[in-house]
Every structure is written in structure tokens, then in C-alpha cells.
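Below: the structure, in C-alpha cells.
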Amino acid sequence: METPGLSTTRIAAFSDSVFAFAATLLVLNIKVPEVLPAQLAELPSQVLHLWPQLLSYMMSFVIVGIYWVAHHVMFHHIKRSDRVLLWLNIAFLMCIAFIPFPTALLSRYGVVRTALVVYAGTLTITGILLEILWWYATRGHYLIEKELPDRVIRLGTIKTIIAPCAYALSIAVSFFGPKLCVIFFVAIPAFYILPSRLDRYLLKAAE
Amino acid sequence: METPGLSTTRIAAFSDSVFAFAATLLVLNIKVPEVLPAQLAELPSQVLHLWPQLLSYMMSFVIVGIYWVAHHVMFHHIKRSDRVLLWLNIAFLMCIAFIPFPTALLSRYGVVRTALVVYAGTLTITGILLEILWWYATRGHYLIEKELPDRVIRLGTIKTIIAPCAYALSIAVSFFGPKLCVIFFVAIPAFYILPSRLDRYLLKAAE
Amino acid sequence: METPGLSTTRIAAFSDSVFAFAATLLVLNIKVPEVLPAQLAELPSQVLHLWPQLLSYMMSFVIVGIYWVAHHVMFHHIKRSDRVLLWLNIAFLMCIAFIPFPTALLSRYGVVRTALVVYAGTLTITGILLEILWWYATRGHYLIEKELPDRVIRLGTIKTIIAPCAYALSIAVSFFGPKLCVIFFVAIPAFYILPSRLDRYLLKAAE
Amino acid sequence: METPGLSTTRIAAFSDSVFAFAATLLVLNIKVPEVLPAQLAELPSQVLHLWPQLLSYMMSFVIVGIYWVAHHVMFHHIKRSDRVLLWLNIAFLMCIAFIPFPTALLSRYGVVRTALVVYAGTLTITGILLEILWWYATRGHYLIEKELPDRVIRLGTIKTIIAPCAYALSIAVSFFGPKLCVIFFVAIPAFYILPSRLDRYLLKAAE
């Protein structure tokens, strides 16, 4: 069923606002340390001890950035929308807007299995929703431009599915050792930011 | 009286920001549980106990999404604005921006009559304001395109009024049993998301 | 000195975002009451006691709405910008973004002279800055369209100056009786929302 | 590697939202003082004691404003984007969205070396990232319009580098006396707002 008035431009603009707010809200997780006036000499060390909060902030900001880029690339190709796409997108945005919570958990407790599992679990679901959205829009060129070559569609499919798979794997790994999990948390965003050989390989594989 | 410079495009863009921001603020209601380092083993169960907060978050996010869609469909048809429409819209947005409060109340106290009544009450008023806005804009095709068929206008009127009526009914029901009320809270959003037979029936009834 | 790339459209869009965020942030001032599980019967009365917070929220939301409308009407006429206009606008937005603080003060302490003075003081400065902005843009038709009739300029000048004058007066009045001050707080927004005879009188007076 | 769909217009619009939101979030650092009903007479003096918070708010709001203006001027000239520019911009926005934290630290502790160093350090990194972004986009007219005269590019380079250099210097100065540091904190924003003789001198020097 059609929803008149909800052009993909409008959907993209609304999504942009949610991405921007979710990213900016993350800073509220970095709490100013409370030090009594008599113990002000401890303030520098207290501030230095905020580094896990700072790292969580940076990691989550970058992840929101990665999803913002991926979302834009998809909506560059998606030309029409229907009710299902609309609600898949809202469900995806619900996950993006949720990211400040697992970030706060990780900021508060550090490399602890519960925090890692919640964080990785959120990103697994986020990634799966984006994959479903892309699959729904592209199967049989349903909502995308007719001329979009299959290899671009497949490249999008492959690149999108890697993140949720890797985060799901990191959940399994966290049961062997939470610190092993951190390697995944660093490697996954890096994979999406850095222009890599793998990237070119995927492009070839998709052809 | 006219307000020059306030095109409906501008009004819709401002409304979009309020929708996006109200939805994203909802995550602040999910509080990180405080567990002492010695009792860290309790963290997983504490996190699992957050499910009412999570459900409140999801429900409110979806409701903001529903109103965003409804608002857009209306402003797709509304072509002109006047001072009354402008302030009806601001009053409606005041309700949307208020939603984080009843959500916080429901997150904190769960299925308790006071929380349910405040939540349902907020959405009753929100829905009534949107209904008045639509009625004001469409009567005699005042602010909408001349060619818009009456059945589209009536469909909008009927679909918009169902939510506040159902929420008002849920307030009454909550006095018999708060848990009965939950059925309404699940059914109302579902009605607006799912493409239903009722939907097609309403379209026919409106003709 | 010119600042290339800062068209008035861009300035208006940025201002819109600040207006929307400031309005939506206001809801954070309404705190969920803390009631122990054993005293849950007190929750309804505790929630009812939130009415001053609710009124503060509504008043501030409406005031942000009024300034949003006034700002748009002005930037509908302002066609060019320079460095001074840019920074007058940023100073004005700084006041708008500040409104959640006096609102929180009023929410927390109610009709108490300090809270009233801070609230009225903020709005006095906000109004004066908007007046200066309008005066700067319009004197000698400096940044506005050449054809804009003088009476429209004068109407803007008069309507804008009334609010800060009235809020300044309400500060003086608050020293005689804080409750008298409340009359001003209700009357000023009402004056800007309601299409009044005074409005038509001002239009005539400006001619 | 190209990222289709991410026009510079889109990047600028997303950045605008982050700027507006970071600026508006600053107000949350000004906390309503807690005074018992019996000691309400102390409220005025408690509110007056908020002036350091107010000054921090104003300073950070103005700094976000300065970076917003600088960013816009740059993106007025930048006509294309690539993956590196995209991520330089996201890293820059991560710093802008971080500003509420050092502001909160300064609000809480006032003119204390730790707070000053964190504040100045954040702005040093922010400024360096903007400088790198501008350098990357302009070298060999890579991403900018071909006709942009070299002196405009150089003026941008010089004006952008002054802020991080001055903030880095203020860190060094803070070890001799935190109060000396305040002079830098006032002078740097003033330099960017006021149309100065230096400005014209720089324009000449860049030619």
C-alpha cells in the first residue's frame, strides 16, 4: 500500500536527523568526575581515568557515522518507497537511536562480558535490519532504479552483512575471553573506514 | 491573518526535527543499572530486568513514527497555512515532544494505573489535536488542494480519530484491570503499522 | 565584511534546528516522581503535583514557538547577510537555547521571585536582541528587499519590542507581588498567539 | 574510492544538525541549584553564583558558532567529496559533539588547570582536524572549484591554524598561571568574531 507524501528524500532527511542526534547524545555518557575541593589534586588522574568512556564515545560515534554513510549510499539508489520499507527504516532507526544505551553500559563497566554482549547484540540487530531493508528494496529491482547493475546490489548485500556476522561472532568469542572481543570491536569499524584490498576483492567477487 | 514566510514546507521541516528529536531522546529513559564491583555477577540479571524500559522505548518510538507518517501524509495535501493551523500544529508538536515524560513514567513504574492513564491520556490529547488540525485544514477544502477527493479527506478523519478514541477507552479499561490496558497498548500501534483488511474496509466506507 | 557561503537560507535552517532542539529539551525538566513500592498509592497525587512543571513546559514551548514564527517572518524579508547580522543571530539563538534553564528554575521553585526574575530577564534580553537584529537589517533597507513598505518594517519593530518591555515591567512588578507577575506571564504569549484587535490597530498605527 | 550519494550538500546538512545540537546541549551543564524550602532566601545568591557556568555556556556556544561559520565557508568552496574527506569531517564533528564535556568540566571546577587543559586540548585537536580537512580538499585544487584564487585558500589555511596554535599555547601558559590562560580564552573567540585590522592584514599577506 502506498503512503503518499513520503518521498525517499523526506525519509532520508528524517533519518539524517536521527543519526545526528544519536551521535551527539553520546557525549552525555562521559560524566564529569566529582572531586571535593580539598582533593582537587586528584582531578587530573580522575580525568585520565575517563579514557574508557572516551574510547566508547569515539567507537560509537564512528559506528553511527558508518551506518549514516551506508544508509545514504542505499537511499541514493532507492527511488520509491512503500509501507514495508518505511517501517523497516523506522525499526532500523530505532536501533540507531538505541546505541547511546549500550555505549553507556560499556562506559560504566568497561570490558565486561554483559556490556560487550549487549553492545555487540545491538549492532548485530542493527546490521540485520539494514540488510533486510536492502534486500527488500533490491529484490527484482523492486524499489531501485532499473539500471542499477547486479554487482552493485550484491556488493551492498555483502558489505552490509559482514558487520552483523562479525558482531554475532564477537558475542560467541566473549565467552572465551572478553578481551579477545575487543579485537573485533576495533577491527569491524576499521574495515568499513579504511579503503582496503578486501574492498576491491569484494567488488570483484560481486561481479 | 496571514503569516508570510511560513510556507507549509517550512512547518513540515520544523515538525520533522521535533519528531526526530523526541524519538531520539527516549533512549535517555533506559538507565544503566548501578552494580558494585563486588557484585558484578548480578549485572546480567540486572540488565535483563530492563525489559520493561526497553518495551516502553520501542512502543513510544513506534508511536512517534506513526504520528510522523500521519503528519507527513496530511502536509502532503495541505497547501496553505494560516495562523490557526500554525498554532494547532505547535500544540500538536508540544504533545509529541512531551511523549518522553509518560514513557519515563511507564519505564519507572511498569503496568501501574497512574502510569497507564498518563500515557494513554497524553496520546488521547495528541490524537485529538491532530484530528482538529485535519478537520480545520480540510473543511470546505480550506487549506488543501481543490481536487482532493472527499473520500481521502474522510479516510484521514476516520483513521486519525481511532487512536485517541482507543486510548480514551483504554483509560476506562485500566480501572477494571491495568493488564487489560496493555492489550490496547499493543493493538493500537499494530493497527496503524500493519496493512489490514480494516484499512481497506475503511477506504471503502469512506467512499 | 562578507562571509561567502552563508546565505540567509542556511542561517534560517540552522536557526530552525536550534529552535526545535531547545523546545524538545524542555521535557527533561519534568522529572518522574520517586515513590517507594510500599507507597505506590501516593503516585497519583505525586503526579498531579507536577502541574507547575507542566505549565512551565507549556509556557516555554509556546514562547519558543512565538520566537520561531517571528524569526521566520523576519528572515522571509531579509535577503542578504553580513558578519554583524550573523553574530546578532547567533547571540539571539544563544538566548533561545538558554530557555531550558530558567524553565527548570521555574519548574523547581514555582512562583518565587528569583525564578520569575531570571525567567523574565532571559526573555527581556532575547527580545532586545531580536529587536536589534531587525533594526540592523532594516535601517535604510540595508539587508532587506527594496520594495518592503515602511509600515511592515515598523509593524515588526513595534511587535518585537512589546515582549521585552512587558517582561522588563514584569520584573519590576515581581517586587510588589510575585503572583501579579504571573498575569504578565500569561498575557504576553496570549497577545502574540491570538489575532487581536490590538494587532489590527498596530497595523494601522504603523501605516 | 567514491561514495555515491554523499554530495557535499548532504554532508553540510548533517554537519549543521550536529553543530546545532551540540550548541543546544550545552545548556544542560547549567544545573538548577538545590535549596531547601526553609532556606529559600539563599536562592538569589545561589543563582548569582552560577556565573562561571553561564560564562562557560556562552564561550562554548560562541566557539561552536565560529566553527559553524568556518565549516560553511569551506563547504561553500568544496565541490566534491571522497572517502578521506568524509571521514576527516566525521572526525571533526566528533570533536564538535565532544565540546559539551570540557564545558561541563569547566562549569564544575572553574579556572583550574585540569579543566583548562582539557578544554584547550579539545579545541586544539578540533582546529587541527579542520586545518587538515581544508589542506586535503585544497591541495592541487583537488576537491574545490578550479577558479578559487590561491589567496583565498591561503587565507583559510592561516585563519584556521591560528585557533589551535593559540589554544596549544594556552595549555603551556596554564602551567605558569591558570588565570593568564583566561586571557587566551577571551581573546581567541574575539579574534574570530570582530572584524579586525589583523583580518585585513592577513588577507593582504595571503595575496
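Observations
Just so it is clear, A, B, C and D label the chains in written order, and each chain counts residues from 1 on its own.
Throughout what follows, contacts are C-beta pairs under 8 Å (C-beta built on N, C-alpha and C of every residue); 3 or more make two chains touch, one makes a residue touch a chain.
All values reported here derive from a predicted model rather than from experimental measurement.
If you take chain A and chain B together, no chain is in touch with both. Rotation angle relating chain A to chain D: 90°, from a CA superposition, given to the nearest 5. Where chain C touches chain D, under half of the residue numbers in use are shared by the two copies, so each contributes mostly different positions.
Centre-to-centre separation of chain C and chain D, using mean CA positions: 26 Å. Averaging C-alpha coordinates per chain places the centre of chain A 37 Å away from that of chain C.
Residue positions 13, 17, 21, 25, 28 of chain C each touch two or more of the other chains.
In summary, the structure contains touching chain pairs A-B, A-D, B-C, C-D.
Chain contact summary for the complex, chain A toward chain B: residues 1, 3-6, 10, 13-14, 17-18, 21-22, 25, 28, 83, 86-87, 90, 93-94, 97-98, 100-101, 104-105, 108-109, 112-115, 118. Put simply, chain B touches chain A in their complex at residues 13, 16-17, 19-21, 23-28, 30, 32, 35, 40, 43-44, 47, 57-58, 61-62, 65, 68-69, 72-77, 193, 195, 199.
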